[in-house]
Every structure is written in structure tokens, then in C-alpha cells.
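One structure is given below, encoded as C-alpha cells.
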Amino acid sequence: MLWQAHDERSDGDVDIVEIEFWTMQLSPILDGYINSSITAFEQSHPHVNIKWVDVAWADMERKLLSSVAAGTAPDVANLNPQFASKLAEFNALEDPTRYLGAETTALYHAGVWRSNQLNGRYFGIPWYLSTSVAIYNTSIFDEANVPFPATLEDIIEIGGIIREKAGKYTYFPSFDGGEPMENYVLMGGDIRNDLPAYGLTDASVEKLLRYYAGLYESGAVPPSVLIEGHQKAVDLFQSGELAMLLIGMQMLHTIRLNAPELVADLVVRPHPNADQGRANIAAMNLVVPTQTQHPQEAFAFIVFITSPERQTEMARHVPIIPSTPSSLEDRFFDITDPRDNFEIARAHSIEQIRGGAVLLPPLTNYSRLRTAFIQHTQRAMLAEVSVEEGAKNLIDDWRTISRMSGASPN
Amino acid sequence: MTSISLKGVTQMYGSECAIHTLDLEIASGEFVVFLGPSGCGKSTLLRMIAGLEQVASGRITFDEVDVTSTPAAKRGVAMVFQSYALYPHMTVSQNLSFGLRMTGHPRKEIARRVERAVNMLKLGDYLQRKPAQLSGGECQRVAIGRAIVQEPRVLLSDEPLSNLDAELRSSMRVEIAALHRELGNTMVYVTHDQVEAMTLADRIVVLNDGRIEQVGTPDEIYRLPKNVFVAGFVGAPKINMLSGVVVAAGSENGGLSLRLPSIDSIPLAPMHVPVRSGDKVSVGIRPEDIAIDQSSKLHMLVSFVEQIGGATNYFGDVGKTRVRMSVSGAVHFSAGDRIPVRFAAERFHYFDADGQRLTSEAARA
Amino acid sequence: MRAHREWHETLHRCVPYAFLTPAMLLIGTFVLLPMISALLISFSEYNMIEAPRFVGLEQYRRLVSDPFFWNALLNSLLYLLVVVPILTFAPIFLAVLVNRRLPGIAVFRAIYYLPVVTSLVVTGLMWKWVYEENGVLNFILQKLGILDDPIAWLAVADTSLFAVMAVTVWSGMGFYMVIYLAGLQSIPKSLYESADLAGVSRVRQTVFITIPMLQPYIALVAVISSIAAMKVFEEVFIMTNGGPLSQTETLVFFVYQNAFVEFDMGYASAAGIALFVVTLALSMINLMLSRGSPNTGITMYR
Amino acid sequence: MSLIRIVLRYAVLVIVASVFAGPFLWLLSTALKSGAENIFQYPPALIPREATLDNFKRVFEALPFLSYFLNSALVAALAVSCNLMLCSLAAYPLARMSFAGRQGIFLVLISTLMLPFQLLMIPLYTIAVTLGLNNSFLGLVIPHACTAFGIFLMRQAFMAIPHQLEESAHLEGVTRLQIWWHVLLPLVKPTLATLAVFTFVGVWGDFLWPLIIIDDQTRYTLPLGVNKLAGAFGKDWRLVAAGAVLSIVPMMLVFLFTQRFFISGALRGAVKG
């Protein structure tokens, strides 16, 4: 290493800085776009060399964690806010506001930008966004002769009828990611970093647990929700065994690919609870680990690749919603074919994102909270405990965890 | 031509003593057979000479040179194993030449030695075959051949014939004897088969329980067994061993006879008997030293008859004593018969209470 | 002369170590060193981002009072209890079945071995499909009239752990079959020939000749399959993710969860060391019970 | 064998085979299904309506699968030869020589089998990074280059060889190294073949470690490729299945080729009685 440094210095002004850039599952679909973005950036920053590494969605945490532990972390990484907040908890991520001016940060969706902070420090820059819309298989609803649910709670009754009349399941509430907690907020609850037990209340937790218990009891959801995630939901829906999906619009492409004959029966609607003023935004972040030697260049690259122009361009290649609201002004996002499910879904998504928020804030000890939340929700769902007792246990656990981390002021 | 000397050699397995302090001299060019029951330590002793087992204490010398800590490979010995130990993945010819090739002998030299062994053992017909395609006898020949090509100072054999059938065994015995004459090197041979030992050995070393019981020519071993063990181990059918008290019994036969636990008593030889009245002794009588004698007062009640060609073995009781008798010729009696028998008292072997041979000056003469 | 001999002795004594050196260097660097590191980490608090902080036996204290740890330990032991006997003995019959020169036998061998060469990721995907409510297993059982209503095998608490075990058995059988096939080659044909002459049935021959003769291999398989059973992870990770309600959480799953989901490497290492101790104890018992003790088979010669 | 016996035997063979092969038929059928067919229908359709090799073609178009293949093959070849060599070397003294520390070394080796890799991964990665082995083929080989399991297996095999074979070579002045190479190794060919297949399977299917140690896509191995396939196309199961089939085929070939070694009667006639 020593001789290398010496070499560089003797070369004088040409100090090439290498920025390692990790993305989540964008290759090979976005190969062309990412590579051209990198080339464009390198042309405007001749002393920077971007090394792109693409990692599968499911493997990012393991791989990033190992590299952080071994001191070989990338300079820029593409993470979801939950994982990013875990790293931020240990001060492993640079604060972008130290490097970016207000005029730059103002470019991003304000609600999403604000959600990227933990204990008063920012840790990431929003890249692209998505939100769940409702996709219905009309043939099942027709067979059971029921309307689409207007709220999440409606699914219990409608699902019961569908189970009885069509012999199919209606809904697959996945337990991977933060979905149960997001639903808690969607149903009127609140999760905050600055309150004891993160602000959970008996009444609203009971309401959520009652909802899950109801779903299970009425036969609206299959038992496999206990062991599988949203991928299973998509597979079931594709096989015509599930009546509805609450999922990002990009899944329409997958469904089209795997179950082509289903497309004619599909109807896309906004998320059932979205019209009550609460829509959840799922954000993808770009972060800079503190191990980097070149934060300046790393942030310069992030600003470049998340710029409104680059994001609009990106949306032309893959079904994402840019995190820069000005991108959405582009005519590209208009509906050109009113019968195209995907364009409808995108319109709904944009609508929801404009008025929506990241419902689940970054939390200290997130994964422990999540594990406890899911554990108690599932117990209540299987009626192993009463809804009241389940809520009490859940809040007790959260209180313990919040005290452990010292996150709350009590 | 190498002489071997073992001095105070012991071997332990854990805390068990496998070989007790043991001395042995083997002369140059001698054919020595270690004979004994299984587990007596004869293979261990052989392996110690080979260098395959370490010596706990004591010294082994070859031609006066201490080889106790010389590695097996450097002692110039070769060994024929009971299991043949042929390399199953090599042909006969590869098996023969393997060691020489590995130790970097010149090709011509290897060819010469292999050819010599092949001629000596008539292996020419199956040089290209693998051991699995050979009969037991052929495998044995190859195993011997492999030892010969080493041109060893000492040729060791560990029960080499015990896996062969009886007929092959006897013909191989002849061949091995011829081989020793031809090669003339020192040979040490382990067996539990007394016939092999008797026919092959210049000298026999009888081993029991990690100790040498007797060393001697086959004739000495048979005629003058040093103790009860040797007497019992060598000779077939087994020697009769009668224990009793010597008593004075009238004037007949010098006045001594052996009183057995039963009422019977057997008169002893007239003179030169190394015992006195009142001694407790064991008397060994080889089955062929008992004869049918119509004039005898002793009778044997036959319980079993065994016809083995040239001779007949009778098993039965004299009084209350079990007795084996071997008579040349065909069967005359059968089970249930009473035969008058006479013990050839002049051929008795006398042993004391510890089983050691009793010898008087006169008896030895 | 004497010096020469001593030098020779020394050289000779070095031979075994010379044979071992390359292997020990590699294993020392890439296995033992990480092992020691894991042991040290188990005495500290370590989130893999900040430097480890020594906490003594704290992690082990946590472990003892953690019901999830005990649940995982019990599940692993249950796994061992069910899977190891099957994986130790069933493959013998498989090996005997294909240890014949019959036309096409190589293809059957290959088919039985197929699950072994398939990555557990693919295996998990396939079996999830088999176990589904509208999957093949329910389809077949309903067709045969054994089952009235389909069962979500992996999602129901009563069946989930056993369903996962079945996959472990399925994917391990071929592996042990191959070990036994190698072992079968060492049994002398004459034993079977004489049994044939005595009119002993083939099944009895397997029980009374093959199994006793395979003793060292059975010992090997028993040890290896117990170690493997204690380390079961992928099947669980892919098929049930520990669910339903921790019903299929095994020890290694617990380790993984704490290390890579909770970032609690110190705690995960303590659990890993506990796993190590349990496995070691079980293996020692296993080795002692079987005759393949590490003591056998050494001659002293030089 | 009588005809009935043969028929019975084949019947058993086929029934057992169906249990083992069943799930693969679904995999193959999915890989052969065209884009116009719902692969999730119920009851499950095993026979594709119109079988097509299109999915395989798409796999090769989408990713440099051939180069993943070659990478995997290279790594596997390296790992297998290293492992066979080092394990059989180390197993020899453990099985056949007496020396101080033998028992201890053996126990330590066995005990290394008992810690889960998940726990060793991070320290191992740190060591690999220190040695500059990350992102290299050599780094991929590390966990498979010398396995305690291999040593255990080889030791077991050496122990089964009659001592006299070795002793007789020893008396002939053959060195230990020569005995190991010329006498012992040929006799444990079945076990070597077994270990070769096991090692091959281990490297070929290894996923966790390559994932962590390799960043550079040009050094990807097959499992990483298949994994990428699984994620990259919004879970197009047809492609995933095709990729999985492609990754299994080479291993089947290796097994079919090596399995005759397991069945050779290498020890027959080595020792009588």
C-alpha cells in the first residue's frame, strides 16, 4: 500500500479516486442505464472512477455487514431505510447534510427526506420510491359476488365470503419487512421514537391484533402467511388462488410474465386505506458508510445519480417513482392508454406518494422491535392469546426494548 | 550371511509384557523356526528382528553390529507375510520390482534380480496378472519372490503357509527347504504348525507367553523336551501326562512305581530314574511309547478309535486316567474293548512339580 | 556415526508432522483462527460495526434465560433424534439396492444422488411447492383418499418441523448412500456366497452380514449426520424462516438470526459456542458407543 | 436371479427413484414451459403444453452464464485437487503413524466440524481480506481447500487397508511418501472418488461464501448467477428453473463419471484370509 501512495503522489495532479457503488438487484435490467450514468459522471469528474457492484436484494444485509466488519465497506450503497437506520444507529453512515447544501436537499420529497434521520442525524438520501396499490382478480370477486374492500377491515368479511363461495383466499398480509407495523399506522396508530414504548397504545394495538385475528378466523388469509413473505403472495395471486394483492406497481410486470392469462381479469385501485389520507411510501436510499476515504466524491456521485433528470431517465427503464417531485412533471408519467393496468397503477402510485409519508420512522433497535411485534401479532392471530393480552405483551416488550436502548426519554 | 543376536530383549504392550527379557543367538545361514501357540509372542519377536516393532529394552545385533535402533528399511531384511501382502493394483511383475524401483536401483539390476526370482519360483506364466487372478499358492510364490529380489541378509517369514490347503502346504514346505539350500541366507520362520517346524528347521525356538521354553534341533525338542509345555506342544497326538507320587513297590523293576490318583500304579524303569520314593512328579509318555501287550496287567478301556492311515490312535482310560495311544498298522479294536497295554517305562520323561525336566546323569547318557 | 544416527532419528520423528503440515497450516489459518476469534467474541458485545467490548460471561447469562434459545436447542435435539437414525440406516438399504451390476443401475444411482448435488436453495423451492396447500403432496394424498382437506404442511405447527426434517432426509440420503457404497466394496463376496448356500434370505443377509461389516462406516455416518443435523440451517431459512411461531427455529437459525438480523455477534457467538459444546458431547458419546474409536488401527514401526 | 426377482428389484428401484426425482420433474417442467403458460395453475400440470428450450436461451442471453460456468469449474477443479491431496496427506499419519499429539490433532480437526460456518464467516472474511484474497478465485477455494471432513473420511479409508501391505513396502526401503503415493492412494480410489464428488458438490453449490468474498461480476460462480437470475427478473420462475437445471447438470455428469470408481472392487484380492 505504501508504494502505491508514493506512486500516486509522484504522478502529481492525477489522483484517481475509486468509488465503490453497491446497488440492490438492478443488474442486468438496468445495466445500460447505470453504466451510462457512470460514464456520464466520470466524464464530468475525471478524477473519479466508479466501480459498480450489484447485490441481490436478499443478500445485501449479510454482504454489507461482512464488509463493514472487515473494513472493506463500499463508498456508496443502496439500502432500504430500515437497514440503513440499523447502521446509522452505530454511527456507521455519513450525515449528508454535512456535505450537501439546502438547495440540493430541497430537491427530494420532503416527507421522505425527513424520515431519513435518527436521533437528530440524517443518514441517507432518497433515491427511488414505491407505494402499494391494490390489484384485484375480478373473476374471484365475481364468483363470490362481493365488492372490492373499501378499507383493510372490510377484507375480513369479504374474505370470509370468498372463502366460502369460491374456495379461495383473499389476502396475504406478509410478515416480512415492516408491513404489520405499517398497517398499525395505516389503521390510525402512531409509532414514534420519542415516546415510551415508542408511542404504542393499548386501544390501537388491540385494533390491529383484532384485525389480524379476524383475517385468520374468517379464512381470508392462508396459513402460509406465518412462514412466507410477499413473494408467496405474488405466487398465490398468479396461480389464481388469491383474490387481491396490496403491492408495488412493478409486480404487474411479473404477473404479466408468469400468468399471462390472468391479465384480462385484473383491476388496479388505490390502496384501500389511502383515501383516508394515509399512504405509505417505501423508499430506497443511498448511503455513504463512514469507512469511506472519499465522502466528497461519494456524495457528488449520489447527487448526480439522484438528480431529477437521471431519475426521470431511470423511470423510463424500470417501474419506479422518482424521489424528486419535479421529475413527476415529465409527460412520461401521464396516462396514454386508459386500459393499460400498469399506467393506471403508476398514476395511483404517484397520487399516493404526493400525499403520503414514510409511515414507519427509523427506530433504534428496529429488528428487535419488529421481531417482538410479529411474534405477538401472530400469536393473537392464531388465537393463542386473547387480543387484549397480546396487546399488553406486545407493548410490554416494546417498553423493555425502548428502555434497553435508552431511546425514549422516560 | 548374517548372524543375529538378541540380548535381554523385552517388549511391552501398554503395561502388559509381550516379550520377557529374552536372549537368542541365530547363526549365520541358519534356518530357525519360532514355534508356539498363537499369542505366544513369536510374531512379535519376528517383527522386532525386522524392525517393524520397537524394542522396549535390550539389544539386537546383526553380525555384531547393533541394529536396535536401525530403521527396518536399513536392516537388509525381507519378510513374507501370512496374508501375502501383495499390492492388489499391481501386476506380479510390478509387485516383484516395486521396492527396487522405488529405491532407485538401476534397471538392469532390477531385471536381473526379478528374472532370478522368477526362475527360482517358476513365476514366468503369470507375470502380467494381478493378485486377484492368482490362486493362493501362486500368491504365496509371488510373495516369496518379492522377498527374494531384495537379496536380503535375513529372510523372515510369518506363517507363510497357513492359508494354503494341506497338499499345497506340504509341497511348498519342500520348495522352501530347497530355497534355503539354494540361497543359503539366514532364515527366521514363524509357525504354529509343528510339522513345518520339524521338517524345515535347523533349530526350533519354542515360545510360550513371551518366553523361550526351549531352543534346539527338531530331534532334541522332540526327544528331550525341557519342560511340560514343550513336551505337550510338540508331538501328535499329544503326549500323555500322568501326575502322581513315586512309591516303593516291591522288588519288581527296581522297586519304584508311580501311584496315580486312582488305584492304578505304573511301574517305572528299572534304573537311572531321577526320582526317589515320595516324590511328586509328572511323567510324560508319548502315545507311541505305549504298546499293546497281552501280558500286561494294565488295561485300557477304549472310548474312541482314530484311523490315520499308517497308524491307529486309541483314546481311552487306564483306570481313571485318560490315555492316548498310537499304534502303527490298521485297526484291531473298537470302542468299548479292553486292551492290555504296556508303558515303555524306559522312555518316560520326568518333570518336577514346576514342570521342569528331571534329568539324572545316567538318564542323560 | 552416532550423531548420524541421531540425526536420522530426528528426521524420522518429523515424518508424521511433515505430512500434516500443509493441512494444518490451511486449517489453522482458515478454521482454527476464526474459531478462536468466535470464542473471544462470545465474551464480548460486538455489533460488527464498532469494536468489540469485553463483557465476560454476560452473553452466556443472557442465553440461559432466553426462552428462544431453549426452544431452538430443543428443536435441534428433536431434529437430531429423528433425522440421525433414519440417515444412518436407511441409506444402507439404498446402497444395497444399487450395489448390483444391472442394466441401467448407474442411472438409478445418479437419480438417488440428484438431491445431494442440488443446492439447498433449489431444494427448498421445490419442496415448498410440494408442501403447498394446493401442492403435489396434498394432491396425491387426496387422490389416494388418505386426506380429506389439504394441509399447509409447513405452516401448521404440528407438521412444520417434521416437514422440514423430511427434506433434510431427502437431500442427505444420497450422500450417505455413496459412503456406504464405498464401504460395501470392502465386504468379501464369500460371506454372501456362503449365506446363499445356507439359504439365508437377502433381507437377513443385509441385517446379519452387511450391517455388521459396515460398522466403521456406520460410525462415520452417525457422527457426520449428527453434526450435520445440529447444523441444519438452509432448509429452515428457505422454507419456513423459523416459523410458524419459532416452531422450526434450530440452533444455527438462532445463531444466524442474532448475528445477521440483530447484529448481535457476541450473543450469536455465545449461542454458537453452546452449539459446539453440545455437538462435541454428542459426538464423543457416539464415538464411544461405536467401535470406530480413534484408538484403533495403529502399529508402531519405524 | 430369477425373472420375478429382477422385476421386483426394478419395481423397488423405480418407486424409490420417483420419490427422489419427483420434485425435479416440476423443476424441469417449469424450465420447459413457454411464456404463454401459467406455471402456477392447479391442479399442477407436469407436462408443458408446448415444451420449449427458449428459457435456457434466455438465461444465456441475460447473463454471462458460460463464464459463470467456467469460473465454477475452475474453482471446483482447484478445490477438489487441493482437498484430495492435502486431506489424504494429513490422514496418513493420523491413521497409520504413532506420534506425540496424534489424538489431540485428530480431536481438534473433528471439533472444527462442529461450529456453524455462519459464525466463522465474518472472522474468516477478515482474514481473507488481510491476506488479500477477497475478490479472487483463491479466496473462493479457501473453505474447501482442506476440510476436516475430508481428513476424517480419508483416515477412515486408510485404516481399512491391511497393515502388511504398508509394512512390506516399508521393509523394501520404500519411503513414506512413496508408500502414500504408490501403495495407499491407489487402494483408496473409491474413497478418493467419494471425497472428490463431495468436495465438488460443496464448492459447486456454495453460495454464502462466494456472495461475501466476490464483488466482481466477472468472477461470479454459478450459484451467484442463479441467485441473480432469481432476483433480477421479478422472479420469472421459468428462468430460475432453467438456471437451476443448468447448474445441476454438470454435477450429474461428474457423478455419473466418477461413480464407477465407487463400485470398483479395489481391495478385492489384496489380502486373503
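So that you can tell them apart, the chains are marked A, B, C and D in the order they are listed, and the count of residues begins at 1 in each.
Here is the rule we use: a contact is a pair of C-beta atoms (placed from the backbone, for glycine too) under 8 Å apart; a residue touches a chain by one contact, two chains touch by 3 or more.
What you see is a predicted model; the values in this text were computed from it and never measured.
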- Item | Per-chain CA centroid nearest to the all-protein CA mean | C
- Which of the two pairs, A-C or B-D, is linked by more C-beta contacts? B-D
- Most widely separated chain from chain A, with each centre as the mean of CA atoms: B
- Query: Any idea how many Å lie between the Cα centroids of chain A and chain C?
  - Reply: 38
- Message: Just the number, please: Cα centre separation of chain A and chain B in whole Å.
- Response: 90
- Express in whole angstrom the distance between the two chain centres, defined as the mean CA positions of chain B and chain D. 55
- Item | Approximate Å spacing (C-alpha centroids) for the pair chain A, chain D | 38
- Note on the structure: Residues of chain D that touch at least two other chains are 42, 122, 126, 167, 170, 227, 230, 265-268
- The positions of chain B in contact with two or more other chains are 51-52, 72
- Note on the structure: Residues of chain A that touch two or more other chains sit at 62, 65-66, 69, 239, 241
- Task: Would you mind writing out the residues of chain A in touch with chain D in their complex?
- Result: 20, 25, 27-29, 53-54, 56-59, 62-63, 65-67, 69-72, 231, 234-236, 238-241, 250-251, 253-254, 257-262
- Message: Give the list of chain C residues in touch with chain D in this complex.
- Response: 13, 15-17, 19-20, 22-24, 26-27, 29-35, 37-38, 41, 48, 94, 97-100, 102, 105-106, 108-123, 125-127, 129-130, 134-136, 139, 170, 173-175, 178-179, 181-182, 185-186, 189, 216-217, 220, 223-224, 227, 230-231, 233, 251-252, 255-256, 259-260, 265, 268-269, 272-273, 275-276, 279-280, 283, 292, 294, 296-301
- Message: Looking at the complex, which residues from chain B come into contact with chain D?
- Response: 50-52, 72-74, 77-79, 81-89, 98-100, 102-103, 130-134, 136, 139, 146, 150, 163
- Please give the residue numbers of chain A that touch chain C in the complex, ascending. 61-62, 65-66, 68-69, 86-87, 90, 92, 222-229, 239, 241, 367-368, 371, 375, 378-379, 382, 384
- Query: Contact residues on chain D for chain B in the complex?
  - Reply: 162, 164-165, 167-175, 178, 182-183, 186-187, 265-273
